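What follows is a pair of complexes built around chain A, which joins chain B in one and chain C in the other.
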Partner chain A sequence: MGINRYDVVVVGAGFSGLVAAGVAAHRKLKVALVATGAGSFVTGPAWLKAQEIQQASAAPDLGEAIAYFCELASLAGCLYAGDISVTRFLPSILGDFHSVALAPLTLWNAEPRKGISTAIVGVRGLSSFDENFMAERLTEQARLITSGCTYTARQISLSRDMGVPVTTLRVAQCFDRDSAFREELLNALRAAASGFERILLPGILGLETSAEQIAVFERELGCQVGEIPTLPPSIPGLRVYHHLESYLHRIGVELYRGFPVNKVEIQNGLCTGIQVDSTGHPLNLHCRSAVLATGRRTANPLGGEYAGCDQQMRPLTSTGSVMARNLFVAGPLPHSSAGDHGNVMYILTGYRAGSLTASTRGNHAA
Partner chain B sequence: MRLDDLALDNCLKCSLCNTVCPVLAVHTQYPGPKRLGPELERMRREGISTDTEWVEYCLGCHRCDLACPHQVHVSEMIARAKAEHRKPLIRGLRDWWFARPGLLGRLTTILPALSNFALSMKPARFFMSKLMQITPQRRFPSYTWPNLRSPTITCKETQRVVFFPGCFIRYNRPALGRVVIDLLERNGVAVEVASTECCGVPAMANGAAAEARAVARANIKTLAKQVDSGMRIVTACSSCGHMLKTGFGGLLEDDREFAGAAQKIASQTFDLAELLMEQADAGKLNINFRPANLRLAYHAPCHQRSQGIGRPWYHLLRMIPGVAVEDLDAGCCGMSGTYGFKQEKYAVSMEIGKELFTSISATLPQMVVTECATCQLQIEHGTAFKAIHPAEILLQAYDERRSG
Partner chain C sequence: MEPAQVVIIGGGATGAGILWDLSLRGISATLLEQGDIANGATGRCHGLLHSGGRYAVKDTDTARECLAESRIIKAIAPHCVDDVGGLFVQCAQDDPAFFDQWWRAAAAAGIRSRRLNADEARELEPSLAASILGAFTCPDAHVDVFRLVLANLEAAVARGGRFKTYSKVTNIHTANGRVRGVRYRNTLSGEEHEIPCEMVINAAGGWAQSIAALAGVEVPIYCDKGTLLVLNHRLNRRVINRCRKSSDADILVPAGPVCILGTSSTRVPGPDGLTASAEEVDRLLRLGEEMIPGLVDTRILRIFCGVRPLYAPKTTEAAKGREISRGFALLDHETRDGVGGFVSIVGGKLTTYRLMAAEVCDCVAKKLGVDAECATDKTPLRPAIDRKTHQRALHLLPHPVADKMERRLGPEVLRVIQAIEARPELAELVCECELVTRGELEHVLGGTTPVPAYTISDVSRRTRLGFGPCQGTFCGYKAMLAGYQTQCWTAAEAANKFSAYLHERSKGQSFIHQGKQLEQLELNHDLYGAEQAFCAKPGVQDGN
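On to the complex of A and B.
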């Protein structure tokens, strides 16, 4: 097999694409991942809402798909907590509670707990996060969900000049790069945390930090740490993205980042390749099967011809015929309406599409 | 299409560009690509002056462009603002020279030995630091006789290409140019060396848009005929390749006479490894490699990534028996051509490179390979490791009887 020849080409690197690529790679297939952007990881907290689990509960493979995702995340160094049968309330960016079934561990640690004294710690000068607003709102909201948890606002100041305004990204980057900064943050937080059993921070604990490193940080701090989502870029979301992407890279998935797909090559009912809109001239990736896990409106490489998919995730034309037997859609594409269908459905369809590529292997000679 | 549409309204302010910017990661005051690009671009288009010194700090690495989920050409907007930016006299003068490596090359190679001696002398470096604001920390690459010529065409080659050497190969390392020619010939490709100018990347990077346009036009005039006759253009420098493939950075998009030819050149330009990889995929690559015992670390230059061709060198080198290649994937080296030579930017440049330096030291390779000449300079400056072009390794792997 040549270099630009793959068993599977996956297009899109949101929840769906990453899971599909993971499944295929774990089944020993040669995989390429073509993507622009980072799906919803850049805007969202990367958690799985309880309501979405509920909506997908009829799917017999839901448990399997979610279990696979959690395993993938864990192998990649970022832990998810929770389960499909669990519902927890986690604080959102607006200071209310969302019912969530699974979340990255630091976000999960922010759930309201009765009798646990909790400080909301803000950083002086930080834009897009107000600890007083957050503490007041969460105390109020906690009463509504009868958790009885109360929150106290605290603020820390950091000595170094972090620019104006200080952003969560800036803090996260300093956290990643600079051990002296981590030390300073640790000391400031230790002071703010005194008298509390837990502190909640805006999402600032690094873009690259592994679950292990966060555990060490927590131990050094001497109390539990949780994160609350903030405005984009979502640091906890991108942290998951970075870990998943670099894990896939490590297990041999070839990444083609930064270029949209021009064209899906289909010949005699089979997808033979994906054409990437590279600089100057297109890059042709030959494949035995492909997964399209792109946005529906903005990046659908099948264009207007696409009219939904069949039970095997294969795309259909408006007359109902299968476009290609070895081409599968996942993510937002299988849904007939535009909009956000939730990370749970994206994981589920990504898992299915990834598995289907493995079962169609050898269906045709590429 | 990426470059013929600036797609300002596609910016949804997700800030993904900011998360990948090498400068923003190390400089706490830098406003970042989202602010300097699409946000200020709105005002610039309204005719509101937003001139800021910060545009000078953009590396032109294109990582923001690649990160953008909606193909906003962030760095192109910053480059245009850079071209409008007014610099203080001394920096302006320094950057005038930095924008013209071709002219500098022609002058210094009249008497290369004397130039090298003068450039390396302490007083000269002190003088350049004080009067030109060029950092005394770095040494200039040495110059040599520009003696790269087209080889005699033998009849066994089946494909003919034109090789665009660029300034570094032409004036500093013509031997690398001969390596490129030798590699291509060993794979049945006949080579003509183009008598072209600088590609224009240094001019763009130093805000000299008029100069960049002038060299682009001159290059198009030289290359158009060969491209029309069906020849492909081959580059071995990733920045030259990037410039040619982007149709000269979109500089001539509104130029009726040249826009079409620029696009044609863009579509016919191939990186050396890309071409060799194509041969490999067609089963035509000469794989008569001698086994070697080498541990290499590969650094992908930013302008290699921005071409969107995957990692052809990484895969090619791994085809040599006994060669282990580690892809460092440790971000930008921070050099960005002339950027790292600028006194006021030296510290930023080195801070950006830290991640790469650490990753090289942790990998402990026998050698680092990377296509970009200034990435090589930065790696050798920031670590104790030698950095060379991967083409040299590949040629060495062929039978030694015909060495370049």
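On to the complex of A and C.
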């Protein structure tokens, strides 16, 4: 296989694209992942809502897809907790509780638990998070959903100059890069956590932090540590993206980051490659099959001809003919019907598209 | 409640203008508004300060009025006006006979204009279509409607005028053929109050009919709905009008960092519960595209509807929305209906609000036996900011931030400057689109301003916070936290106010089913579990 020849080219690095690339790579295919940037899940908490699981519950392969996603995340170093059959209440940025089925472990740790003394710890200068607001709201809201759990507000000050205002991203970067900073944070948290069985922080604990590192952190502090979602930049979301992307790279997926797609090459009802725009000259990525997971927010790479998909996720023209037999659409494209949104649906369609690429392998000579 | 000589009903531009005019004449007055300032037509228009060009062909009198009034407003309220100028663009699709007609009519109305060929026009406005034939210039401008209403209210308060927002009039007392007082309910607290008064001015715009009915008087209002789109980019420097008989989507107004395209024209039964249809939005975009290619692909931030509350006495009943005169009428219910002390001011338009106020106040002053003349045409709405204050602002904040803050706050800016000097963290930009600092936010929330803010939407109207691409997702949240931190609201109140704010903002985004703004909506859903507009059936959402 030549330098720009792949079994599968996946376009888009949201949940759909990342999962599709993972499935194909795990089936020993040579995969390229092309994306202009991270998928939009990175701006949020990257959790899977119970309601979305319920909406997708008719799909026979839902359990399989979610199990695969959890395994992928776990291999990548970002543990997800929960299951499609459970519902937990996790604190939202507004200080109320959302019903969630699966979430990154640190967010999962923030569920209300009766009898566990919990401190909400804010960081001085971090203006987009208010620990007093959060503690007051969560205490009030916890009374409504369970037999109650009280939250106490605490604040820590860090000596490092992190600019005005301090942002979650700035703190997370310091956390990743600087062991002295981690030490200082740990000391400050020790004081704030004293007397509590659990502390909840705004999402600031690094972009690259693994589940093991969080466990070490908890051991050092002698209490459980959880995170609460914040306004973007959402560190828990970015962390999931970082881990998944790095893992895909480690298992041999070639990343084309920052490359916009010029066009999808289709000949005689087969997709022969994806042409991407690289500085000065277009680059052709030849493929045996491809997955489009570009979402509704960017221009549709298939252009105006695209009018939806068939059962096998293949794109159709307005007259109902299949545009390319080895091209699969995961997640929504622009102008797709309402309702098919949400992380659960993105993972499910990404899983299906990845599996379909594996089954079309060798359909034609590239 | 303290008695007043006059009670004004309606907190739009007209009502605020009347309060200022009466206060200048030394007449004690209280204004009652059912929502927040500029809740009706005033807050839901293009914000176009008409030079009169739009009416030149059809209605020379209105055109002359607009020309004179726009000059006055530019002089008395420069901080509210962005004097960008305008173009009337000749599109190849339109009737060339109208172009000449317009040119002659504009001259007859006294509107200064220059004839530009297509190249000259496109040099001024590069985004215009290559197919245009030419353009005429005109002195159109953009006016910040919220600021204009605030400026009138603030000036009035300084002269003893009073006003109450969230105060819905429930009854107008009459006895022996005269009004005696007004009863109103505070819609936030539910409390009812009464104000004894000698006169009542009905300046309720779209609601004028129902207010008049409280005094047993009939005032026919024709509610003509217009839908407008807010686009993320400022595609034009000047106001762009399409040079043809008034029709849909023929005005594009640059408004701060965005531009506003509109409108449509449909008769609706009343000013409440307005909805825009998906077809209407598509049509506006398609028509806009004829003047500005590429417009359909821009990011739509929101869609809103307003009504033109046109005065429609029986004789004009047969006419349709756009054909009814944009002129206004002063109805003296004493001579008309035998209800003494009650007048209504109906019809008209934003640009002529001051003139409308002046005419009502002349009438009211005469009835009250006050002989003071109208002075609103010569009195600046607020004093200029002194150089020293300006310098201090520039030491603390980047130039554009200081400039915007000064335009918004006027001499009040000094309080914010002092606060930032004492607490440098207040220089943080909370709204990055409209350049609102934490200091300004806390000032507006602080309750020391002449026009208090009770909700996050109120804060938006005072500061423009949340009018940019995030539509309040980020800055609205920070405003909520600020309201909590300054102890205006408890955590629960703050969260409820934020939910209400998000709900209000999401109403204007119901047709956005793709592109960057969709990502924003998905994010709202992820973060706040906010009602997702795109889950709803298209075509059934409220306006602004």
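Note that in this section the second predicted complex is superposed on the first by the 357 of 366 C-alpha atoms of A that agree within 3 Å, B and C clash if a C-alpha of one lies under 4 Å from a C-alpha of the other, contacts with A are read in each partner's own complex, and residues count from 1 in each chain.
Here, a residue touches a chain if its C-beta (ideal position, glycine included) is under 8 Å from a C-beta of that chain, and two chains touch if they have at least 3 such contacts.
Since this is a predicted model, take the numbers as computed values, not measurements.
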Combined model on chain A: chain C and chain B, fit or clash: fit
Going by the contact rule set out at the top, does A:Glu184 touch chain B (first), chain C (second), both, or neither? neither
Touching A:Thr43, do we find chain B (first), chain C (second), both, or neither? both
Can A:His98 be said to touch chain B (first), chain C (second), both, or neither? second
Chain B versus chain C as contact partner of A:Pro232, first or second or both or neither: both
Is A:Glu64 touching the first partner chain B, the second partner chain C, both, or neither of them? neither
Between chain B and chain C, whom does A:Asp83 touch in the aligned arrangement: first, second, both, or neither? neither
Based on the superposed arrangement, let me know which partner A:Gly280 touches: chain B (first), chain C (second), both, or neither? first
Quick test of understanding: once the structures are aligned on A, what is the angle at the Cα centre of chain A formed with chain B and chain C, as a multiple of 10 degrees? 90
Considering only C-alpha atoms, give the closest distance between chain B and chain C in the superposition, rounded to the nearest Å. 5
Where on chain A do the contacts with chain B and the contacts with chain C coincide? 43, 232
The residues of chain A that touch chain C in their complex are 40-41, 43-45, 92-96, 98, 125, 127-128, 130, 132-133, 136-137, 140, 164-165, 229, 231-232, 295-297, 334-335, 338-339, 341
Under the stated contact criterion, what part of chain A meets chain B in this complex? 2-5, 36-38, 42-43, 160-163, 169-170, 173-174, 177, 207, 232-233, 238, 246, 249, 254, 256-260, 276-281, 283, 298
Can you check the complex and tell me which residues of chain B touch chain A? 1-3, 13-16, 18-19, 24-26, 28-30, 65-71, 242, 244-247, 266-269, 277, 280-283, 305-312, 315, 329, 354-355
Residue ranges of chain C touching chain A (in the complex, touch as defined): 424-425, 427-428, 438, 473-474, 477-478, 481, 484-485, 490-492, 494-495, 498-499, 513-516, 518-519, 522-523, 526-529, 532, 534-535, 538
